[in-house]
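Worksheet for the structure shown next.
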C-alpha cells in the first residue's frame, strides 16, 4: 500500500480542526509570530516507524513553508538506547515558524504514534510466525489484518499493517465476499451460500467462507471454496484441516490469536493468520517532539 | 459529557461509507432482502460499556426501522461468567431487516469496542487511585485524559473517559492554556510566559503551566499560577510539591503513569493525574453480535 | 449490487442543491404551497428501468411526506406501445405537496434516465452475447463494465450495469490489480510485473494482465496469471487464445466492442467481454413525469 | 463560461477518491516511485476538445509537480487521420512521476472524454443549424442546453456546451422562471401564471412560458411574455408562430430535436432550439493516454 | 423566495456544531435528561419576523421530537407593548426535552434575530419609498438587495429581504451581468462592453450597466441596455435620467441610500433603489426564549 | 486570537462558491483573460481594520499568483480625510490577473467590511469604558463578546472582537459553564446548580452563574462562584454588588449595554461588560476596491 495525499487530506484537516478549533491559545499568547525554530521527532521506544508522510502533510497543511526531513525510511525498525543517551532515536527533523511547529505537534504525533504502534505490533507477529514456520520447515504464513479498525482511519491503519510486514485482508464490505456464521444461518448452509454468492459475483472478487468444523471444511472444499477461514479450531483440528485442504484451498486461522499461540499456529502450515488486535488494540509507540534550536 | 447526534453523525457516516463503499457484497449476494432477524450484542470480556448510543445511531443511519434496545445503562460494569455459559453479557438487543443488521454490525462494534475499552481502562485507573488515596486518608485525585486521542474521534474518546469515571482535560488547543517546556523555551521563562498569557486571555480560560523542578514550582506559585503540571518528578519531589502548593494551586502529575505507579502517585495528595494511555493505548473490549432469530 | 441510502445521499444532496440553488423560482411564484398533486413517472421508450430507489430518495429528501410507489420492479423491461396510447409505460406513481413534486422532478428524472439508459444498453449486449454463445453451444460470456464512468457516479452506474444483467469489473484502482501496457512498459515485462504484484498482494485481490500477442499470452499463462485481457486481438487470435488458456486462466476481451462485433466475440468462447460504452456512451432512456391530479 | 478551479475542485477530489480509494494497487506494486515518465493525451476520434483545464487540475491535485502542456486550445476541432498514422491527434503532453501519471489517467480521461463528447455533439448541431438558417437567409438560431444534465456535473457539462458553440439556458431552478405544462395546470392558465410570476420576480430574472398551441401562443404574447417555448409543434405551426411573435417575443423550439430535423427547424426562423441530448446522450469522445518515454 | 430544507441544512448543521462542539457542558451537568419543558420565543422589539422555518429546523435537527408551533406567520409585523406587559410578542411556542430546548436556543435565535433584523429594515425602506412615490403620484420603486451579504448566508439573507417586501437583485456572479466601473475600465467603454456581453450571453440572463453621467446614460440607452444603474448621481441628474430613459430601459439608483434620502429618491420615478445596508448593516431584532413550564 | 488558514478555508470556499456559482458571467464575457491589473482596497470610513489575512486568502484561493500587500497592520485605526482627497485610506494593494481580482472583490470585501465593522464597534466601547474607568480611578473593565454571532462565522467574529481590543467570552457551549435563568429554573436554585456543575466539571473549565438580585449574588458568593453575571441590575445594585464581591468573585454586567450607558457601567468597578451588539448589530465598515492600473 502507498498513501495518496488526496485520499488522506480530509482526515488531516479534520484532525487539525478538531485540535485547533478557534485557535491555539497558548502559542498565540506566548510565542511571537516571527520566531523560527528547529525541532526533532524522537522515538522513545523501540519499534517500527510508520506514518512519516502523514506527519509531514500535517505540518505542510498548517504551513507550506515548514521543512520536514525524515531521517529514517518509512518502515524502519528503530532501537532506543535509553540506558545511554536516554534520548531515543531521532526519526525526523523539521524547521519553520515556531508557532506552526507547536500547533501541529500533537496532531502529527497522534498519527505517528498510532501508526507506528500498529506497524510495531504487526512486525512482532510477523517475526514470531516466520521463526516458528521456518523451524518447522514451512513457508511463513501471512499475517492479515481485519475490518476491526478505528472508524475513519481504516486506510491509515491498513497501510500501517503493510508497513509492518503484514498483508491486507479486504478493505471493506465491497471488495471481497466473506461468508461468516451469521450469513450461513441466514442463507441455509455452506453450499447454498456459495452457490448464491457465485451467481452475480463481480469479476475480480474472491469468496472466503468461515467453517467451524472439519465436516464444514469438507463441504466447503467440495463446493470449490478458494479461501476458507477456520473459526476457533484447536491446533489438532487445524493440522487436519491443512492436510485436507492442501492444494485445494487457502486456509485462514482467525479468532483469539495472540503472542502466546501465534507460534503454534504458524507451525501448522496454514496460509493466513488474521489478528484483529493489530488495529484495535495496538498500544501507541512513544514518540515526541523537541524544539532543539530557536532563531529570532 | 453527553453525546449529541448532530455532532457525531459525520463520524458515523464516514465510518459506514468507509466500510460499505460500493455495497456489502456478501449480504447482497447471499441474504434475501425480505428476511428479518433479531440479534444481540454481547460483551465477552468484563468491562465498562460505553458507546451504546453511537451503536444505535449506526444502525438507525443504515435503516431507521431497526429497533435497538440497550439492556444495560451506558457506563455499566459488566462481568462475563465465561466459565458458565461462555456467552458473555448481552448489552443490547436489536431487531430489523437482516441485511441492515449484518451490514451495520462491524461499524457499530468498532465504535463500541473502542469506547468500552477506553471506559474500562479509565475505570481501572480511577479505582486504583481511589483506593490508594482513601487508604492514605486523602481525597481521590481526578484521573485526566490528554490530547493524545485518535484523529477524528476526540469527542467520542473523551466522552468514553468520562463514562469510565475520568475527568476531561481541555478538549483542544482552543479551550485552555497549557504552557509546556517547548513554550517556555520560546517565551524565555515562567514569569514571562505567564504574564504574556494573561494579557489577552479569554474570560473563561484557565492557565496551566508545566514545571520540571521544585524551583520552577516556586516561581510558578509566586506568579499566581492556578494549575501546575509536575513533569516526570520523583515521588519525593511530588510530595514536597504538594506541601508547597497546598491552597495556592492545583497540581497535576503527568508522564509515564501506569498501573504499577498509579497508587503511589495517588497517595501523594496531588489533585490530578493525567494518563495519555487512556486514549492512545486502551485495548478494545471484546464485544460481538449474534443473530439469534430469523423470521422469513 | 444493492444501493445503500447512506452511500448515495451525498450525490442526491449535491444534485438537488445544484438544481435548486437559492430556490425554485417558478414553483414558488406560481404554485400555492397548499396544493397537493398526484403524478406519474412514465417511460416513453422501451428499455430496462434502473434507479427507482434513487428517484424515491430524491423526493423523500425534499419532503419526507411524499408517497412514492414503484409500479414495476427495479430491472424490469418495459415496452412502450407508442402507436396506441402514446403514453408510454407508467413506472411509478407519487403523491404529495405539488411544489415538492415539481421541484424534485428534474433531478429524479436525471438519475432515472441515465441509470435506465445504462441498464438498457447493458441488457442489449447481454442478450446479443447470450444468443451468439448459445448458438455456438458455449456458455454465455459475462458482459463487464469498466472504470470509464461519470466522475462521482461510479457506484450508481456500476449498479445500473448489474441491474441490466452485466457483471461488475473492479470498482476502482484499489480492489484489483490490472496490469496494462503502460504498467508493463514501466515494469519491464510480463513476468517481472507479475512477480512484483504477487509480493505483497492483499489476500483477496486478484491480478489481471493485458496481453497484445499470443506470445505474451503464453508468457502470462506460464507465470500463472489468473485473468488475462486480450487487447484488440483479431477473432482468429482470440480463438487461438481460448484454446491455449482453457482451464488455465480466464480470458477477457476488451477494446472496440460494439453491437456489430459482440456476437462474433461471444462465439469465440471467451469468459468476459468488457465494454466502456456501457457507462460512457449509453444514451438516456426517455422518461418523464406528468401531474395527473390536483387537490386543493 | 469559464471554469474556476475553486468551483470544480470538489468534483475532482470526489472523482479521484472514488477511483483511488485505499490506493492504486497496480501502480504501487509494480512501478517504483523514482521513475519519471512523459505521456501524451491523444484524441482518437474527430471532435471538439473540451476539459483540458480539468484534466490538468486532476493531475495537479495528485501531484503539483506534474507538468501538463496543452497542445491545442480549449474548443479546438481535431481531426484524426487514422488511415495514416493511426495515432490520432495529440492534445496534451505531460511529464512527471510515473506513478502519478498512471494513477490520474482514468479520472482525467473520464472528464475529458465526456466534456469533449458534449462539445462535439453541440458543435455538430450548431453547424447544421447555421447552414440551414444561412441557406434560408435567416440569422442562425442559438442551440440551447437544458437541465437534463448528469447529477453533480452540470457546471462542467454546460461549460462543454458553450465550448462547442452552444448557448446556455438557465443553470437551475433559481436563475430564471420557466413555466411548463405542469405549472400551468396548477396555476390555472397562462395569464394567471404570468401575472403571479411577475408579482415578486427578482429584478434580473426573465420569464419563459411553454405553449402547446397557436392559441396559447397568442395568449402568451398578449400577456407580454418575453420568451415562449413551442412544445412539440409541427413545422407549419412553428412557421406561423414565428410570424406571430416577430418583434414581440423570442421563440424557443423544444422537444424531440435530433440530427434529422434540426435543419428544418433552423429554417423556420425561431430564436432558440433546445436539445436535451447535448448533455444526456452525447457519446464520449475516444481519448486515451500513452506513456511515450521513461526516465529512471 | 421560499426556503428548502435541503438547501439550508448545511448551514444549520454548521451553526449547531460551531456552538455545541464537544457538548453543551452547562446543560449536561445541570439539567437531568428526563425533564421536559415548554418555552416561548418572544420578540421584544417591534419588527418583521423572518426565519421561523429555520428556527424550527434548528430544533428538529437537534431532536426530531420537539414540537415547534409558530404563532405568527412568516413576514408578520409584530409590535411590542413594552410599556404594558413588558413581555413582548410571542412568535412561537415549543415543547420537548428541556436539554434540547436549551442547547438549541442560541443558534435558533441567532438565525431568527438576524433574519428578522433584515426583514425589518427592508420593510422600513419599502414603506418610506412607497409613501414618497404615492405622494408624487408614481408607482413605488422596488427596493433591491445587493451581493453585500454575510459569507455563507446569502440565501437566508436574500430570503429575509423578500420577506420584508424587498425584491432580490441577482444572487451571485452567475445569474446576471452587471457591468460596473472596473469592468468598463478594462473593457474600454460602454458600447464595447455591451457588445462583448451580448456575444455569448446565456439565453435567460439580463445585462445591467452602471453609468456615472448623463452622457454615459445616453450611450447606454443608444446601445439598447435593458437596466441601467445610476451611480451616485444627484437628485437632479436622476430626474433627468428618468425622463431620458422612460420606456427604453429600467433605472436603478445605487450608492449611499439611507433613511434620510430614500424618500427624495423614490419621488424621482426610478424603477429600483438598491441598498447594501439591508444585509450588511441591519441591526438584529431583539428576540429571546423563555422556559415557561417544566414537567418532570 | 490568531486565525489559522486551515480553520478558515472552508468558510472562504463556501463564500466563493456561493458568489461565483457556475461562473462570473460579467468578467468572463467582458474582460480578456490576459489582462493584468493593480488594485487598491480602500477604507472610506474611519475605523479599525480587521480581516486582512482573510481577504488575502480569498484572492489566493481564486488564484495563488495574486500578490496581496497589506499597507496597514491588522488592528490599525484608519481615519479618512474625506474632505481632502475623498479617497479614503488605502489598506492594501494587490496585483494579478484582472479577472481574478474582479471575481474575488465582493467576497473579500464582504469579509473585510463585516470584520472591520465589529472591530470598530468594539474599539469604541473599549475606549469609552477605559476613559470612564480611568476617570474614576479604576482599572478598565474588559469588554466581552457573546455567543450572539452570525451562524458559521463565530471564529471570525470573535477574532474581530479581539482585534478591536475586546476580550473573548467562551466560544461555545463546550468551553465553559454559564448557568442562566433557564438553567436555574430547571435545576432548582443556585446552590443546587453549582453543586451539580462541579461534580464532573472538566479540569480546565470555569463556571459562571447569572444572578438577578443581590440576594442571589450573596448565595452565589457563598457557594464559591468564580464569575457572576449581574443580569439587568440598576447602577446602584451593581455598585453594591461590586462591594460585596470584591476579592471573592469576578463580576460581569450583561444586557442592554449601549453607547449611552457604557460609561456609567464602567465606572462601577465591574470586571467585565458583555455586549451582544458587538457581533449581532455592528454596521459594516465602508470599504471598497478600485482598479488603479491595467497592463495588457
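Per-chain residue numbering starts at 1, and chain names A, B, C, D, E and F are given in the order in which the chains are listed.
By our rule, contacts are C-beta pairs under 8 Å (C-beta built on N, C-alpha and C of every residue); 3 or more make two chains touch, one makes a residue touch a chain.
Treat the numbers as computed from the prediction; the structure is a model and nothing was measured.
**Q** Touching subunit B and subunit F alike: which chains?
**A** Under the touch definition, subunit B and subunit F have A, E as mutual neighbours.
**Q** For subunit D and subunit F, which third chains touch each of them?
**A** Where subunit D and subunit F share a partner, that partner set is A, E.
**Q** With one step meaning two chains touch, work out the least steps from subunit B to subunit E.
**A** 1
**Q** Taking mean CA positions as centres, which chain lies farthest from subunit F?
**A** Chain centre farthest from subunit F's centre: C.
**Q** Can you check which chain pair, D-E or E-F, has more C-beta pairs in contact?
**A** Higher contact count goes to E-F.
**Q** Between subunit D and subunit C, is it the same set of residue numbers doing the touching on each side, over half shared, or a different set?
**A** same
**Q** With chain centres set to the mean of the C-alpha atoms, which chain is at the far end from subunit A?
**A** With centres defined by C-alpha atoms, farthest from subunit A sits E.
**Q** Taking the mean of the C-alpha atoms as each chain's centre, how many Å separate subunit A from subunit D?
**A** That gives a centre separation of 45 Å.
**Q** Using CA atom averages as chain centres, what separation in Å is found between subunit A and subunit C?
**A** Inter-chain centre distance comes to 34 Å.
**Q** Distance-wise, how many Å sit between the C-alpha centres of subunit A and subunit B, to the nearest whole number?
**A** Computed from C-alpha means, the inter-chain centre distance equals 22 Å.
**Q** For subunit B, give me the residues that contact two or more of the other chains.
**A** Correct list: 20-24, 103, 154-155, 171, 174-176, 200-202, 205.
**Q** Testing understanding: with touching defined as stated, what is the shape of the graph linking the protein chains, line, ring, star, complete or other?
**A** Other.
**Q** Could you run through all the chain pairs that touch each other?
**A** Chain pairs that touch: A-B, A-C, A-D, A-F, B-C, B-E, B-F, C-D, C-E, D-E, D-F, E-F.
**Q** Considering the complex alone, what residue numbers of subunit F touch subunit D?
**A** 13, 16-17, 20-24, 28, 33, 61-62, 99, 103
**Q** Give the list of subunit A residues in touch with subunit B in this complex.
**A** Of all residues in subunit A, those touching subunit B are 11-12, 14-15, 18-27, 29-31, 35, 37, 39, 98, 102-103, 105-107, 109-111, 113-114, 117, 147-155, 171-180, 182-183, 185-187, 193, 196-197, 199-202, 205, 276-277, 280-281, 283-284, 289-291, 294.
**Q** Which residues of subunit F touch subunit A in the complex?
**A** Listed in rising order, the residues of subunit F that touch subunit A are 1-4, 6-7, 154-155, 158-159, 171.
**Q** Of all residues in subunit C, which touch subunit A in the complex?
**A** Residue positions touching the partner: 142, 144, 162, 167-171, 174-176, 200-206, 208, 227, 252, 272.
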